[in-house]
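In what follows, a single structure is set out as structure tokens and then discussed.
For reference, chains read A, B, C, D, E and F in written order, and residue numbers begin at 1 within each chain.
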């Protein structure tokens, strides 16, 4: 009877495609505002079989079959899926294994940012990811609106130091705002979720946390698409 | 003491800039899914001093000062504003009279649609509005993704006949889907909100109701921007 | 009998939508070259009910109904209208209240500049207006050809000092030419008309005075469109 | 002493780069409205050494050295040049042989059309020229605004029949307006000048005659650039 | 000593990522013209562990890790790689597992087609793939030059009938050429290689066989990039 | 009997449109890798009647009729033509005088570069040529992918000093790579062919020699187009 579900009981699954549980926890906390007695359940899940981090196109491509397998498994009892990695791995593939709506946080983050400003800036982790981002932004038709995409460029050990990470994010955010001309910023990594509010406070321009942006759009669409 | 408010008590104002109360009621009902004990209050308001309908660029431009006046008045006790007219009248102007986030339903509807499909179609009321839409879509950088924008082209008397209106919407929606190649549709008028679910059922592709799209994005941003 | 006019008697109205008469006088003088015994009359008018200056989107939107009212009033005895403010306020709205051609100086200035060079630079008054310009240039499809848009950033008192204003315009113009790569410049404010010739002399690249650009295009079109 | 000229005596040269005198006469007549006692002289000249018609890229390229030679010869005693062929042959090359402003009628026609409408249509002579036009429109950045470019496709003998030519122009213009969605038309050949007014009368949308569009812009620029 | 190779002995590997050997044979034959005593060896290989056909985004994403594994294995003894599937699966990922140049046949086919014509048409197998193609063409920046992408829409059994397949390809090609306005065609599937010459003969416009286009570019680059 | 040729005997003609024989020799050497007993003959020819160098739009336009004359002459006994000047002079015109494929090295160089990287840089000789390049890149639809186009800016005497020229090329290439963000470079002059390999060695990113890029594409197309 696994396929028989009351639609009202079906959760939105937010899947962190890397195996680092701490990132899933950070995402989960950032979504607290969307929870309530009358709202659909939001479950954040870790793809345990995924890599510890997703840092290259190889990592991205390697995780897609694993992620699609998970989404196919969960499909019958889900309302919608959010892929919680700023590379939107497997977004189009996932749509082939489930009829439920699937959202990528990068796309939702960028589309949301464009409702808030005229030129968006992205705070990335690594220099190498900015080339991938650019190519993706081109395919979304938003590259003309990109003010800049700049990495904080910290190693794994340094990222563990939250204070240091935040200081770098503020530095990079100021550069994007003051030199590149961004009037809205996007956190270019799912794991940056905990810094959203303090960064917006520090920089005084809107900051988009892409996991939240995707869940907000999902919460709208689950009603109209099913 | 009018400026002292507990942020948690501040509502999102969804302002229908025409004076037709029935449209405000339709919008209000479509937003029911976002309401709950823990979520911000959503208040739909009619701009009584606005015109009965907004059908031309003149109507749009005429309503902007009235709408901005209202938004300036409400600013201190609002969390965010949604301008509930598919022409997004006064969107940039409103941002000049309040520091709270202001969203236009056309922009939010289109950005949301692009997270759901590759080519969007718009169901408009009047032929004349499609030229205005095109120009606006160009300024948003999304015109390359427009599959088509087609009017149901019914007069006021005919629009009062809901069954007839729906039949035309289905006809136009099928044309957008089958001939123009749209894989997601947007309701191109705030007053079409009541038809969202039945249209999606009839056409089997995602349908974006732009009032809801805007409120969903607003619900995300009110946390991070204030 | 107000609607019966000999077409040959009808003037082109150039309407300055702010109430500062001195600006209208400056525009009027710059148009002298287009006047002659056989050419249509060109009348520069001040919108007395407009604001003293148009510096924000709010100012722009507020002036539109007033401006459209004036244009509707004058429509029967005009050949064409030019809206003499670099934000082109109410351009599309005005076209709805008159059947006569209506031109905006920003659009005409940019289109003319592109016949003279490959990358255009804009000399603006205020930093805030450059964001508005960018959005407008996007909707016109010319933003890829924008080399830069830089403000002279002087206050009202400073603008009264013509020598100082000119020195800043030359500085900004050189930056646009030498650093940003502009090969043609546009005066990004109707009030800059008096500086056209001396600026072109100082910078040795074409300078487009947008009031003149619009009147030149209007003089062509009044023959073919009426 | 050939280099010593009073600037006020210098004419604008409108050069028809083909050797067909009748076309030059038609252009000359269409420019009558710009002439007056106080306005710069406008001289229409035929490039006698040019081909009888310019119908292919080969014709275009072949005429460029001849045209540039003529422009270099005339440079010292001209205020500005207009190249009166809708392919704008040698526009950039001509700018290398004279310091005076040089305008192409295709570019000026398209830029002017975009101040009058949102989507322009072009009435061409031959099917083959529409591919050349498209490529040129792309380099001008205006191809997204092209509603359609359709040939009347008449042979030389048929073109001599003015009535027949006009009937075809109206047919093609209606197709561009009603099927392709053009709201402004451009006469895509210098030789179509005589049909401007009657075509606008027949179609009730603005028609741009590109020779006039170029001369209007030239009349503005000769003051500011020299 | 497996890493020590004489560069002159290293082949270009053309990898068919599906397991259908017959397709690899067809590709191999089409590349005959590039072979000679002095030219680098070209080896066509079948990815035996791949799916029988690549028809969906899921198929594409599933094959990427397998393909990258193979490319990583071969990297030390290869000069360059060509991924012989019109979806360019794993192109960016493969570049992460080898320092040798990697080419995708879709990208190379489109870039080559644009050197031959102004508007390219694609002959696809299935309707569903045209949406994927469009998205990819957007990311390559070539979608404005796409005249049309039309499927022959035959099932597997029908594709086995070469005569029938060819008749459909000619039909679709004529539609692309005559109705859509394509002046160059691309075979939108690696398996269509055997039809290149007869299709070009039948349609009299250039036809790009993408496997060959990629190998030609690879043959150039292997000299300059290693 | 001059029109009767065995297709297998027909060479690809690579025509250097300037009269400087030393450049033709450099091009010829760079094409050595494409020669073999089974491959089509590649003949590099100097347009003796051309100018000594092609440095301006005038030079370009002046050479076109001469070049087309030569191509028309050779057409019957050629398989394909390559125009070996980075301005692609007369590319479209040449296609009008021969039915054989004609390739321009600038277009082929850029299209090839885009298969190797995401943002291309161009090393030019003179500052003035970068404006011409930009305009051409716009018409090819590739200007969004241009990282930078920078001249080495050496005079003729300095260019004769190969060591000095190479040092400047490395300097400019580093700027394009490190400051402008290019991940692939194009040699923006046919005469730079001899520096390809050493520049790629020095900069460690792919370098496209456009003569070779064009011949590689020609070698593919001669089979399928004739």
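The criterion applied here is as follows: a residue touches a chain if its C-beta (ideal position, glycine included) is under 8 Å from a C-beta of that chain, and two chains touch if they have at least 3 such contacts.
All values reported here derive from a predicted model rather than from experimental measurement.
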Practice prompt. Scan A-E, D-E or E-F for the interface that duplicates B-C, counting it as a duplicate when over half of the contact pairs agree by residue number.
Written response: A-E
Worksheet entry | Classification of the chain A:chain B interface as same or different, half of numbers criterion | same
Worksheet item: What is the distance, in whole Å, between the centres of chain A and chain F, each centre taken as the mean of its C-alpha atoms?
Response: 44
Discussion item. Quick check: how many Å separate the C-alpha centres of chain D and chain F?
Written reply: 33
Worksheet item: Taking each chain's centre as the mean position of its Cα atoms, how many Å separate chain B from chain F?
Response: 53
Discussion item. Quick check on chain D: which residues sit in contact with 2+ other chains?
Written reply: 135, 138, 141, 144
Worksheet entry | In the complex with chain F, residue positions of chain D that touch it | 56-58, 60-62, 64-65, 68, 90, 92-93, 95-97, 132, 135-136, 138-139, 141
Item to complete: Quick one: which bits of chain F touch chain E in the complex? Just the residue numbers, please.
Response: 33-39, 101, 103-104, 107-108, 111-112, 114-116, 140-142, 144-145, 196-197, 200, 206-209, 212-213, 215-217, 219-221, 223-225
Discussion item. Please output the residues of chain B touching chain D within their complex, sorted ascending.
Written reply: 131, 134-135, 138, 143-144
Worksheet item: What residues on chain B touch chain E, complex-wise?
Response: 118, 144, 183
